[in-house]
Amino acid sequence: MIQAEHLRKTYGPTAVLDDVSLELSTGQGLTLLGPNGTGKTTLLRIVATLLRPTSGSLRVAGADALKEPEAVRGAIDMVGHGSWVYEDLSALENLRFWAAMGGHDAGDARLRAALEEVELDASADRRARTFSAGMKRRLALARVLLGRARLLLLDEPFTGLDRAGRKWLSEFLLSFKARGGAIIVATHSFDTGVGVADRVAILAGGRIVLDRPAAALGLEDLRRLYDELAMGPGTAS
Amino acid sequence: MSAYVRRAWMVAWKDVLSERRSKESLNALVFFSLLLLFVFQFALGPERARVEAALPGLLWLGFILSGLLAFGRTFLVERENDCWEGLVLSPGDKSAIYLGKLAGNVLVMILVEVVLLVLFAVFFGLDFTPVLPALAAVLALGTFGLASVGTLFGAITAQMRARELLFPVLLLPAVVPVLLASVSATQTVLAGEPLADAAAWLKLLAAADLVYLVVGVLTFEFVLEG
Amino acid sequence: MAARALGWLAVLALIAGLGAAFGYAPREAVQGNVQRIMYLHVPAVLTAYLAFALVFLGSVGYLLSRRAGWDRLALAAAEPGVLFTGITIASGSIWGKPTWGTWWTWDARLTSTAVLFLVYVGYLLLRGMVDEPDRRARAAAVVGILGAANIPIVHFSVTWWRALHQPAAILGPGSAPMPLWMKMALAINWLAFTLVFAYFLTRRMEIARLEQEA
């Protein structure tokens, strides 16, 4: 699903990403751990074809991300910092718009069914201006449900969610994986992201300093490693 | 409906719906037209003859100034709602988004122009009705030219800090031909002469509109990225 | 090395051009010596058009290939292009003062050239306001492409506009066919300007490349 090799992203003299290589297969979930500002969002955006790397190669969903970004975009979806929610439109209208833009038009019945799955059916006709952050996130996930994305990229998806919300999101991601989709969750918070992961990678100082199957490391060891790497010299760039 | 047309339509529908509900831009633009009227009058002095003589130019001056405001905000709703990335990631030919935005802008401009014409008629005691069809033709061609460049450059400057400065600086030189042709054709029409007398100008406008549209459609995907 | 040679060649050509313009080119009958400014004005505008054609080429090249070299071409052509356009306008204006009595007339060519000047100054301003290289190159490319496509449209619209109000002012020897010596002087100066432009272009591209690799 993803083959990234020696990705590098520089802004002038600063290298936000410095030789990042990564692989992900279908049906796999990767949690990308890293303190804020270490390039997780940049890496995610490069995989999403929103940014071009300064050097390196990247293949996503079988297409060269640099030469055929459009082919990649048809296969992925992203829930990032921005929620892609038009505040003056209702939840239903937002879904209708994004479904059409994504090329998978759906009748109102299907749109409402998707809203029901994310428990937004009661607010389907309310203007999104009144939605909480959690509701906007769920609206984004309803959008994902309507699509045919095979790779889902999430940037800090658990922030702002309460306990029930986090549980709900984890279940959503697990069922996405069960249907054959691959996931990358970028997060700085150790506790939340690890649950859906088959693999955990730690990004520090623009490099991947650890990339292991989640089962191979005990949670406590992982936490200790993360703290060390996050606070230690690895983060200085 | 093909997917391309559907996406263009959805973009226009979304913009019209958002604008109708928030009423942010249109109200302010209409009010701006009213203000322009007063500014023109104060700048030209009380003699009615002076205003009438300058009328074609004043009309297009009003349209361009309103256009600067309207087109500069083309992607404001995307910026404010953090939806820009969503548009970038939507698969398919991005020029559909350009056409959708262009349609929205043309609609806004037509509304503003109608308001400005009505205001001019009321405040300066003018009667446009005998020349209305011909005037409408000139307005349509000229507005399309302004909007096609305005939408493209609006997208370019959308993410910049200096957009309020840069957008007029880029747009005004680029639409000089549209301005020249539209004012000349408007002058012909307002003088009561038949539209055929302005044929050369109209042909130039049509050609310019076509060129701008083609450039916009071909280059929009490069503007939208990142 | 080659750049140095080009530079010297350009200087030689300029000297030759100067000599031709003031030396053996005949004095024009009607306008007198001030007409000699044509040897500055016409080559300058021709070189400016060449520059903007290269801006167009670089813009299209970058959008299609995403190779920074094309963007450097566009930038390196735009800067001298604006310079030569400025020279065109200034020389036209200087010619206008003794001939028409004013520094500026809304003459067709002068006006179109002024619009061209405004378009490409805007192009350079845009480049100055975007830091990220890829975004800057893409934005500039689109503006450069529209600017170039607009050149004939501007030309026609301004010429027709002037035809309505004032007969065209002619910066040249008038309707009589140009004598051979004048043509030669014009050609030498045109060659000289093109060489100067080529020199500026190659040096600027080199500087841009070094800046990017730093």
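Each chain gets a letter, A, B and C, in the order it is written, and its residues are counted from 1.
Note that a contact is a pair of C-beta atoms (placed from the backbone, for glycine too) under 8 Å apart; a residue touches a chain by one contact, two chains touch by 3 or more.
These numbers were taken from a predicted model, which means no experiment stands behind them.
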{"item": "Neighbouring chains common to subunit A and subunit C, by label", "value": "B"}
{"item": "Most centrally placed chain, judged by C-alpha centres", "value": "B"}
{"item": "Furthest chain, CA centroid comparison against subunit B", "value": "A"}
{"item": "Whole-Å separation of chain centres (CA-atom averages), subunit A against subunit C", "value": "51"}
{"item": "Rounded Å distance, subunit B centre to subunit C centre (Cα mean)", "value": "31"}
{"item": "Approximate Å spacing (C-alpha centroids) for the pair subunit A, subunit B", "value": "39"}
{"item": "Subunit B, residues touching no fewer than two other chains", "value": "226"}
{"item": "Residue numbers of subunit A (touch at least two other chains)", "value": "52"}
{"item": "Numbers and ranges of subunit C residues touching at least 2 other chains", "value": "132, 134"}
{"item": "Residues of subunit A touching subunit B in the complex", "value": "48-52, 70, 73-74, 76-78, 80-89, 93, 96-98, 100-103, 105, 127"}
{"item": "Touching residues (chain side subunit C, partner subunit B) in the complex", "value": "63, 115, 118-119, 122, 125-126, 129-130, 132, 134-135, 138-139, 141-143, 145-147, 149-150, 153-154, 156-158, 160-161, 164"}
{"item": "In the complex, subunit B residues that touch subunit A", "value": "3, 6-7, 10-11, 13-14, 17-18, 21-22, 77, 80-92, 226"}
{"item": "Touch list for subunit B against partner subunit C, complex", "value": "149, 152-153, 156, 159-162, 166, 169-170, 172-174, 176-177, 180-181, 184, 200-201, 204, 207-208, 211-212, 215, 219, 222-223, 225-226"}
